[in-house]
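See the structures that follow.
Two complexes come next, and they have one chain in common, chain A, joined by chain B in the first and chain C in the second.
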Partner chain A sequence: MSFFGVSLDRPGHSVVLTGNEAVARGAIEAGVSYAACYPGSPTAEVLPTLARLGDRFNIYTEYSTNEKVAIEGAAAASFAGLRSLTICKADGFNVALDFATAICLSGSVGGMVIMVGDDPAAHSSVKEEDSRFLARTANLPVLEPATVDEAKEITKSAFDLSEKLALPVVVRCTTRICHASGDVCLGELPQMVKQASLSRDQKSITSALFASFTKNKLKKAAALAENSPFNFYTGPENAKRLVVASGPSYTYTAEALEILELAGSVGVLKLSTTWPLPEELILKHLKTAGEVIFAEEVDSFLEDGVMTLAARHWEDVGLIKFYGKNSGDVAGPGGPFVGELNPDIMTGCLGKVFGVSYTPPEIPNIQEARGLIKNNLPGRELALCAGCPHRASYWALKTAVELDGRDVIVLGDIGCYTLGLRSTGYNVLQTVHCMGAGVGMASGLGKLDRFNFRQPVISVVGDSTFFHSVPQALINARYNQSELLCVVLDNETTAMTGHQPHPGRGVNAAGLQVGRVEIESVLTGIGIPVTVHDPYDVEGTTRVIFRLLQEKGPRALILRRACALVSVKGKKKDRVYVDQELCIGDSCGCARFCSRVFACPANIWDNEKGKAHIDEAVCIGCGVCASLCPQKAIVVERTV
Partner chain B sequence: MPGQEQLKSSVIDKDLCSGCGMCLGLCPYIKTVLDRVRVIHPCGINEGTCYKICPKTSLDISWLDQLVFSQPRRDQALGVYRSINFARACNKSAGAQYGGVASALMAFAIDRGLIGGVVLTGGTALDPKPVLAKTGHEVLSCAGSKYTAVPTLAALNQAVRTSAERIGLVGRPCQIQAVRKMQHVNYMEEYLNSGKSVQLTLGLFCFWSLKSGFYDYLAQKACGEEVLKVDIPVEGLTVTTSGGVSTWPVDEIRHYIKDACISCTDCTSEWADLSVGSTEYDSEWNALLVRTAAGDDLVNLAVKEGVVEVRPYPEERLPILRKAVLNKKMRILDESGEVVWDYLKVPGEYMAEIRKQWEVLQ
Partner chain C sequence: MLASQVIAAAAVEAGYKVSIGETFGASQRGGSVMSHVRISRKKTYGPLIPKGHAHLVVGFEPLETLRILMEYGCFETAVVMNDRPNYPIGCLLGEDKYPDPAIIVEAINRMVAQNQVLAATELAKEAGNPLATNMVLTGALSGSGCLPFDSQYFINIMDTLFTGEIKELNTRAFRKGLETVRRDQG
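And then the complex of A and B:
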């Protein structure tokens, strides 16, 4: 992370920042005082950037236990007159939505910005979701940057807009904005005195009676959008062919039109205020257009809005043919509502709609290169890291479930351990939905005995997920005496999104020691008996799980072992190697268990010798494979 | 020869597994808990050692007689043996069952350096587990019958990888069968010594073993008191706890009998070097069958050194033992006189003799 660039006090200079850093810089320039998030990709880097600079710019930063708590804290800061920022991913905005749909009615005071990261193609999510629909449901205006530079400018201006409207503003970024790097022109750093104040007379109340005030605020937002510098038109006057674009799809469109040599004849209306829409600006261009094509990700939000607008003004705009996701004309290889757009896809779509033949240029020697790759690149599955404690946990779970023999149902959740759905987790998991869902579902399954459902139920959750949304479901299970075993895979960090701390770590966003919130204490407090075990002891773990499966009522097991990526840092690791005498290769009944089935990336097969081998560069020295080798051919050489 | 898949379908899934433990530890795919043995993951190997050595995939009685004794049996009840006696330890260890002969002989064999260790079932009555004992003292501390099916042979597979070369075994009849089959699997010898390394087998009398649910039953019967010893003589289940001795009718525990044990015809560990059991007559003594030269040598030495004492098996008691065994053997026949269980290979002449010898005793 470029803390230097983000904090540089040289207005007018350009620095290269990522989109997430640009958002952080924009918030700093706007004088943000309070920033809170539950980490989620693609926006995970915003908060740590602010946290690192928190002392310098007097910003309070926190990792909240979940997005709802984060937005509530940020709203409180706004209520006290401070500028506040909440950062989440689309899924996180769902969690925050209950509060978000309420605050539009009470309104905000200090500028309040909600940065939401949508993840087209679901690179690091379980689903693609278009949060613009949620913002509209919550009556919150949406701003969408199309470039990294715009991400900073829009974030900064969103605070002003929020204060003008007395309404939180959503800045909707996509993965390609968050993770891309680009030139960002620095603005002035704030010289303001940040003072929180709240009088006894102030109120922040939600009431259905206030709906008309909210709608008036949105009318004002639409009026301001008409002159937003982030909406602009390029192309010929009175264009017959018009592309309406938002987000990075705008830059893809610009590139595509150049490739197709249509830049001079096709107009492009780039919109950042995608809700509420600048209706006059759009109508002005619709009146001359005969064909309109939409470029946006994930869903047809802009498209639906513009088409509705056109329908309302059909007498003025006349006949227009619309091309977009609904017509199927703007679509990637997966279909119109699946995956990302890119310059190639947009060039293909625009070429087809506008009747310009386009053949992608042949990459030199591509066929030859493909031929060379074909048989030489091994197929690679998504896999848990070498030494990952989850792998050991899953092997123990699988073993215990098979030993139990009652078709134990195992429900999954969100985290690295979601990979338990795949072969790297021995296909143990059967469900994945959203944070905490596995426990809620397990609580439901655990009450189906009167319908002859007698199979034991296990719910697997991570430690960070536990704090995010598990206690509520467990309280429910305890209260309603549901038959379930909750297994907490506690790797003592929020591993998936980049090892952010959580309450169980006892370290806060600023890096201060604050004492651990112990998962076992929470469980005990709820009244659920808890066992703690080390997953690296696979045999012991198997026995514990088997024993707990035979017990009744809600119960919990914490499998605690630090994430291998964290534990190996700065330490001399144990050396693990295969004793070439003891390993009997394919003569063993294991059928290459370590490299083929257990399949830790460090366990490899030496084709020449026909024996197992350990890739010592990858191995972290956990020794779990050694405990599972039936020949006891894997040796762990302790370094201490 | 088939492998794991057939072991699962023809033995484990049909509840024919007696939990001997011979297949455990050969690969990472067959695992155990309590008395349970399960395939947890397909190994993908077509031909498996697990299938070859399992006593329930096939058990050819006359072939085993030839393998171990190089002769067919004349006594269809007790199999091939050199002598049958009453025996008891001269210094009986605490917890030992009846005469304490099994523990005394094996501890003696270790102390005299005849074997390097003994695989046997240790732990407590409520929590029995496989043990590799390396000293006579350790053997004696495992004394006392465990009536649940503990997969003791898992410890044997482990032992041959870690230490002992000459191993003794105290096991149930199915465990002796498994070790004999393992000893025969020649191709294994290059890599696995589980069979070869067994130098001395002491088999126990066993009419059936119990499922692990028996533990819960036992704990419930003990009402929180420590279970010191369990015995199942003819008169019923006898449990010694810290509070005293109680007896319950055998019928109460009948449904804990493992399904696998119902098809078993071997009540006296017919292919062991020595077989030891209850006399059902005198609780101070054990029944001791000496079957092989190795068994004979050990008993003679132990008698000479004053470790055990023996006396002739009372003439009038022998028919009672033989009748009990033959009754169980007759139960595996269907109405037409055929053996019900596919895996059991009983030659026609043996079958005819079983019937004949049984009728004599009626």
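And then the complex of A and C:
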């Protein structure tokens, strides 16, 4: 839908785009030539948007194996005079950081923009991280849009800024920009000729000697920030009460002040250039302010910067009371450094600081309603989809581990399969950290035998995770002779982030067939014996895992079966149903094994009939549950 | 998610400014999903609706409808909802008990002045595919008369956004929702 809006050649016209699409449009309008990413929520949709338009606008788009390779390729394009865009989530920026801290010294040529998507409240992440601190460590300017429209304008302007400074620029977005939608005013589409050029005389050298040049670039960035059109002030002149805000928190603040009827008496300094800070602009407002409150996510980046600035100029700014995360005054239910902000939290915090009380409109009969349902509102935990091959894999793993009986340690990693930590995955996994960490840790555990550690170790990784960072850890395990079983759950896609392809799929970002990089070949090349099995064959998989647990040395098992969501899209499904004569309900003694224990969302219980039932709106026809029913009451009608 | 995009596109065609706040990714692996859609003639608002300020709640599932309404609704909130439960894994495992859907509807009726309940998944099946439930509910929303623009904008948008069989299915589903609500309102 919005893909239609992203490529529209109607300058001045407004379309509704998601934040990610807005960033893509901004890059297109700036004449971007090279875009690379490893898929990470909330930024995953930027690259496929550019990829679909790659031919039309002459843009090379790439799914890189990881964010370090992505940023390196993008830097190369910049070095050759082309404009490049690297896209990642905060966790991905961690992976790219080694290079980012180098390129600030060697400098960029063609405009180089790094779009980093932070995830306050960790909607699709294992942690909340504020990447602005890392951008500062890497000596890179940070621009933060507050709205979807700004995301486009700021991304476009970031390329110009990068070329002015010969320094990459970070455009820092959050989930409430990336996955939000809003009106975007379209600009002109580019008419340029894109020509790569690189001579033998051009150097890109990282050296401590260049640190002072980089610091001067940041001084120049700060001077430019003083006049940035993306910073603005609204409210009374010489406001004694001031809110300093960045990102979507600005919109929450504006709305909160409206609700509290304080918009006329409280000033709001909205900043989009949050590193380096426009010091003169900020000081101008600090001089008249007596109370300053900070609205930002995730951490106290702006707050710390402004307070340090105030401390350096204490004689000019005088006594100011600061309210923010450090004072605990700006905080959601989880505390000041936890969770995202929203209009309600800002209304509560601003109301408290400024002494204005506010109660949201309530539902008069809410207590009656609560009474009717006996205050019972069950939570909704994350769950693997119906037919997910990981469910079958975890079933087999759990069974094999129990049969083994030696307290097998099972380490997890990042992907849909991380849900193996929860009841939907039978609580099989006991660790999760970051991409590839499970294998690194397994390699370590596998060397603790001299300290009387005898438990077998299994590390579970996905196929996309494998290509991201696993071979390094497996080479380590082989080289250092560590005992571990690496189980690769190969569902032939990067599922959690939206089914992007990866090297094992043999399809690239442009949708072209390219040779597959086979996981088996990589493992064999490392010298690790590999077995392959279909997880839907739960019994067979259980046997294979048990057998492998008895073997020695580093070894791998690939459990290969396509993601359920991908395999049924647009196809006819096998019909699976419960034979109502064969199912004997609770008198079976299986304790509702299919719905209660196997717990696939398609296995439900018909309370009226007192028997198992398959929810045909949800079932994809994999038939795994059929092999588990003790009465053989679940029937699979194979039509495919 | 698609429903919010369709509503937004129709609103923009009708000359409104739109903001949507929602989450993709992990939250869609069986967790609670909510989309906030904000429509205004004058302003572009932030992506999240403040508590108690929702004018409309479109609920795809009874438990989630109740949950969201309790947080974002007020007496004037109009509700359009599907009657079909989607059991959270906690309920499947027997750790939690899913409340009787009829009682959930009763509780919602006590809370708000206007509640339109429909068997949206059944209507979607009649239209050809249970996955078209979202379009049935979009049609129902349009039929409720609570939006400041009429159903023709939706029809036009679906014509632009979809092609072929998908367009046929979605349009059929939309019309079923629309007609059911108009019929019930008499």
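Criterion: the second predicted complex is superposed on the first by the 620 of 640 C-alpha atoms of A that agree within 3 Å, B and C clash if a C-alpha of one lies under 4 Å from a C-alpha of the other, contacts with A are read in each partner's own complex, and residues count from 1 in each chain.
Heads up, the rule we're going with is that a contact is a pair of C-beta atoms (placed from the backbone, for glycine too) under 8 Å apart; a residue touches a chain by one contact, two chains touch by 3 or more.
Nothing here was measured: the structure is a model prediction, and the numbers come from that model.
**Q** Touch check for A:S587: first (chain B), second (chain C), both, or neither?
**A** In the superposed model, A:S587 contacts chain B only, not chain C.
**Q** In the superposed model, which partner reaches more residues of chain A, chain B or chain C?
**A** After superposition, C is the partner touching more of chain A.
**Q** When the two structures are overlaid on chain A, which partner does A:T542 contact: first (chain B), second (chain C), both, or neither?
**A** Touch status of A:T542: first partner only.
**Q** So, does A:F4 touch the first partner chain B, the second partner chain C, both, or neither?
**A** The answer is second: A:F4 touches chain C but not chain B.
**Q** For A:S393, is the partner it touches chain B (first), chain C (second), both, or none of the two (neither)?
**A** A:S393 contacts neither chain B nor chain C.
**Q** I'd like to know which partner A:E402 touches here: chain B for first, chain C for second, both or neither.
**A** Only chain B is touched by A:E402; chain C is not.
**Q** Just checking: does A:C629 make contact with chain B only, chain C only, both, or neither of them? Give me first, second, both or neither.
**A** In the superposition, A:C629 touches chain B alone.
**Q** Considering each complex separately, which residues of chain A are in contact with chain B in the first and with chain C in the second?
**A** Chain A residues touching both partners: 597.
**Q** Per the contact definition, I'd like the list of chain B residues that touch chain A in the complex.
**A** Per the stated touch rule, the residues are 25-29, 31-33, 36, 38-41, 43-45, 48-50, 161-162, 190-191.
**Q** Residue numbers of chain A touching chain B in their complex, please.
**A** Spelled out, the residues of chain A in touch with chain B are 398-400, 402-403, 405, 426, 542-543, 546, 584, 587-591, 593, 597-598, 628-632.
**Q** Within the complex, which stretch of chain A touches chain C?
**A** 1-2, 4, 14-16, 41-42, 44-45, 123-125, 147-149, 175-176, 179-183, 248, 251-252, 254-255, 259, 342-344, 347, 360-366, 368-370, 372-374, 376-385, 416, 419, 423-424, 496-498, 592, 595-597, 599, 601, 603-605, 616-618
**Q** Applying the document's contact rule, which stretches of chain C touch chain A when the two form their complex?
**A** Within the complex, chain C contacts chain A at residues 4-5, 8-9, 12, 17-27, 29-32, 44-53, 63-64, 66-67, 69-70, 73-75, 77, 86-99, 103-104, 106-108, 110-112, 121, 125, 130-131, 160-161.
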